[in-house]
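Before I ask anything, here is the structure I am working with.
Note that the chains take the letters A, B, C and D in the order they are written out, and that residue 1 is the start of every chain.
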Amino acid sequence: MSELLALDDVSAGYGEALVLNHVSLSLDEGKSLALLGRNGTGKTTLLNTIVGLTRRRGGTLRLLGRDITNLRPDQRAEAGVGWVPQERNIFKSLTVDENLTAVLRPGPWNVDRIYAMFPRLAERKKNMGNQLSGGEQQMLAIGRALALNPRLLLLDEPLEGLAPIIVDELLAALGKLIRDEGMSAILVEQSARKILPLTDRAIILERGAIAYAGDSSALAGDQTTLHNLLGVAERPGQKPARAH
Amino acid sequence: MSAVDVKAPANGATARLSLLAGARWRWYEIAFWIVVPSLYFLAPTKLTLLSEILILGLLALSIDLVLGFAGIVTLGQGGFFGLGAYAAALMAKWGAGTAPLSDPLLGLAVAAGVAGIAGFLTSFLVLRGSDLTRLMVTLGLALIVDETANKMKWLTGGSDGLQGVLPAPVLGVWDFDLYGRVAFCYALAVLFVLFLVARQITKSPFGLSLQAIKGNPLRARTIGMPVNARLVAIYTIGAMFAGVAGGLLAQTTQFASPDMVAFHRSADALLILIFGGAGYLYGGLIGAGVFRVMQDILSNITPQYWQFWLGLVLLMLVLFVRGGILGLLRATRDRFFPPSSDKAAP
Amino acid sequence: MLTILFDGVAYGMLLFVLAVGLCVTLGLMNFINLAHGAFAMAGGYLTVVLLNKFGVSFYLCLPAAFVFCAILGAVLERTLYVRLYDKSHLDQVLFSIAIIFMSIATVDYFMGASQQIVNLPPSLQGRLEFLGASVGVYRLFVIIICGLMTIALQYALARTRFGSRLRAAVDDGRVARGMGIDVTKIFAITFAVGSGLAGLGGALGTGILSLYPTFPLKYMILFLIVISVGGTTTITGPFFASILLGVADVTGKYFLPSFGGFFIYTIMVAVLILRPQGLFVRGASR
Amino acid sequence: MTVVLETRNLCKSFGGITATDNVTFKLEAGARHALIGPNGAGKTTFVNQLSGVLSPTSGTIILNGQDITNWSVRRRATSGLARTFQINQLFADFTPLQTILLAITERENAGSQWWRTSGARSDFVDESVTLLTSLGLADVMQQRVGSLAYGRQRLLEIAIAVAAKPSVLLLDEPAAGVPESDRDQILDVVDSLSADVALVLIEHDMDLVFRFAKSISVLVNGALFVEGTPAEIANDPRVRQVYLGEEELLHV
């Protein structure tokens, strides 16, 4: 398997604030990674750093062996990074169709294939971006990232705030994409149980650093780690320091 | 904690001294106020020009209060200047050169009052919205004053200007003379008094709160500061200062015309402040001097086209130099004499 | 009456072509280029020189003005404007004023301070009877050209891929970048086209607007009114604002000459106070 | 114990979405309370209503026995409700000393005095110095805030809120964005805050929550999901489900 993405000792943040501390990770082509952690631990910042939207304080990034550390976000998109932002950020004065065609790049994913994957979008082709339901916006955000024909798909909490029935629909679509099509992806999610079955590897962030890295299947069975790093719990061995 | 409590008062005394030190008169300030009056003897033939510089400086100072300290961007200060000019001119005219109506100080008080009321009323319009909206609203308001001055011929004399402006002698003693001696002394005295007021404002808790609002209005609000009331207050004060400047110009030149309200008046005053450096109080005064002298020199080299050089200098300032002449001086000083304790807000 | 309305529409459409570049770039980069009028002036003076000194056909002057100003805009954007994007609005305004001053002095130096008159080709002079009103041929020509420009613009914006990428960049520049859209390049092109259109407007306007060196200062105010009334998120907003302003200005000057600009300035301030984001902006967008 | 802050049936909706769902909440004097919940639980919306940035759709907010539901941000701030921000809100060109002096001056309603020189009130200055010293900022109090290290800026953020002598202090992720090395200093400061002040900590970092809180509220989908002591919350199976993503169980 050849290496798709590698982060080497990356630190980043916004303005003066430092959010990511010395993160290193690598992902092989055709593999998928679950990026877990409570909120505020730096998951979105890590994705945004791969996209190129944060202030980098150190470290390097490689995509397909090419150093992308100093590339602008649009150049990284060209190099193969497909991004589904947390807030979806559908372009609101573009129609559904235009949201796809405006960013389309040549490759196996064309507009028809995206519509085939999300038939609901096909019905709403002519609607403006701000006339969609939350689930439709999420589908469009994923479709828009696919239109870039990326080598690596970054999904930032794609299930958040959606009705259970839509969550199931999206999970099915993502499963198809990742498992059947072999799309390489990094999925950020709060609910570990939903995405661990979809992914090969998992990383848990805490305070901007990697607190756990391992196989998704192993993590799914590891109740203690899940509870300690994602649930509401004290870290073992750390006593409240209120005594003095 | 006990160690801290013992230490605090001693620390507090030094802290207090350092805070008060910010308000002490520096040698260069004293030097400035010695040099300016001595120009009366050094350049007796240039008194008219010097008076004009003092008045422009006062107008720029009024912008400094509003923009440099409180961060309200404005292109409309010329409107208040014009209102003050017409108010003082009309007072002088109606009094036909005799007290009490034509008394110059009464004229200035009325000019300040009229401009202040206009400033107070329009402050509520200006304080809404972003920088961009503020720029456009202040510009629009100044244009309305300009148009009004042009169109209300029966009152203002329209584009021909207001003739027959005859202020009474200053304090009933000194009559305005042809050489501009009284005008210079009068303008200087008024400027000095208003400068003292402005200086005190900026060194006071009120002044500090304005700089806080400029720096971070959200935080200012969450420490319980009545942000809008403070801004209304300083905008009104700024308008009064501009009104007095306008009144001074009308009285010393014995004339008022729509030219005093025109857009270029606001733009020039803003440029003067930027030249000199905003947020130092002296920026406007020094800027006014440099601006007028530069205008004289450059106009001699390339008659009429000094605007080009003005634009070029401004362009360089915006692109390369932050803080105008005084900012440049401070940066130079800090470079060669690094400050021991890194002083913040001026 | 109809004649006045017609003149007003012609004036308004001309204003639109002059101002539209400023509206789009302001919406795109949040950069307030008060010196936009300088490009229009450049187009106007280029036409005067080509027409009066070199005898070039007026019809050729129009595209020449467009191309010249577009190149001028592109060069200035890449060299100077690009340094100002992350600075405050105050700095941007001061910068614009500097450009205005320099352009005024430059034109004054080469062309003199007096108003420039162009000799329009005979085919554009004279009047026509149209729907019972007497209509200037030249104004009809202006309306046709500006109308075509407006349609072309609207088509480019609504139907082309460049248009949808531009709208995406205006909607959310950060995400647009993340989606592979080179916002910087789009802005440079838009700026150049906007400057070109201003130049075309300046060339077309030589017969209607009075062309002298303080042109950028005078029209800056009108452009600001167009923006404050029309908003910056669409081009239909500025379009209707321009027509409205044109008609209001022409009828105002005809019926109430003593009020002059008073009327439109008051409208501008009133609009800014009531709707700080502009009159035609679609209601709460998020 | 006396209740200092209370909300009754607080609701807030944006369009059709309910961001705060009928929250009834009580805070006692001197409380050490943590507010936690997964993303989108409505913590920020809730805190913004408490501090007056947003006004609720329905319900009431009571501070020290007074209905403050319709009060402005400023009036709440002067009546004993202070907050820190997740992203620093400081005056970059001031010194810490000037910043705290300003906050104390405003607290004492002396901020509009233009005839007095800033720093003339020695009682205000002494109080500023004492406060800065107790928060470990004495050595940098004459430096420009913008030039301070991020951790020091975070401390100043807390100092500003403390200077208001609040009865309720809302701390929004006080240690966020701070390098690991400076973290302990901030935690110590939070620990050492006066016992008279009721603290509400909005936090995701469980170390901090468990080190500091004596009671915890979990917010889910805008509603108060469960309240209890740290031990109760840590062992609550329903909380575990929420955090580990088995939300379906909640609907049963």
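Everything below uses one rule, namely that a residue touches a chain if its C-beta (ideal position, glycine included) is under 8 Å from a C-beta of that chain, and two chains touch if they have at least 3 such contacts.
Because the structure is predicted, anything quoted here is derived from the model rather than measured.
Farthest chain from chain A, judged by C-alpha centroids: B.
Centre-to-centre separation between chain C and chain D, using Cα means, comes to 50 Å. Separating the CA-averaged centres of chain B and chain C is a span of 34 Å. Annotation: 55 Å between the Cα-based centres of chain A and chain B. Chain A and chain D have Cα centroids separated by 31 Å. If touching chains are joined by edges, the resulting network of the protein chains shown is one closed cycle, each chain touching exactly two neighbours. Chain pairs recorded as touching, per the definition above, are A-C, A-D, B-C, B-D. Of all the residues in chain D, the ones that touch chain A in their complex are 36, 38-40, 87-88, 150, 153, 173, 176-180, 187, 191, 204-207, 209-212, 216, 218, 230, 233-234, 236, 239-240, 243-248, 251. Across the complex, chain B meets chain D through its residues 1, 4-5, 7-9, 11-13, 15-16, 18-20, 22-23, 200-201, 203-209, 211-212, 215-216, 218-219, 221-227, 229-230, 233, 341-345. Of all residues in chain A, only 13-14, 16-19, 21, 38-41, 157, 160-161, 164, 189-194, 207, 226-227, 230-235, 238, 240-242 touch chain D in the complex they form. Residues of chain C that touch chain A in their complex: 161, 164-165, 167-168, 170-172, 174-183, 233, 285-286.
Interface of chain C with chain B (complex): residues 32, 80, 83-84, 87-91, 93-95, 97-102, 104-106, 108-109, 113, 217, 221, 224, 228, 258-262, 265-266, 268-269, 272-273, 276.
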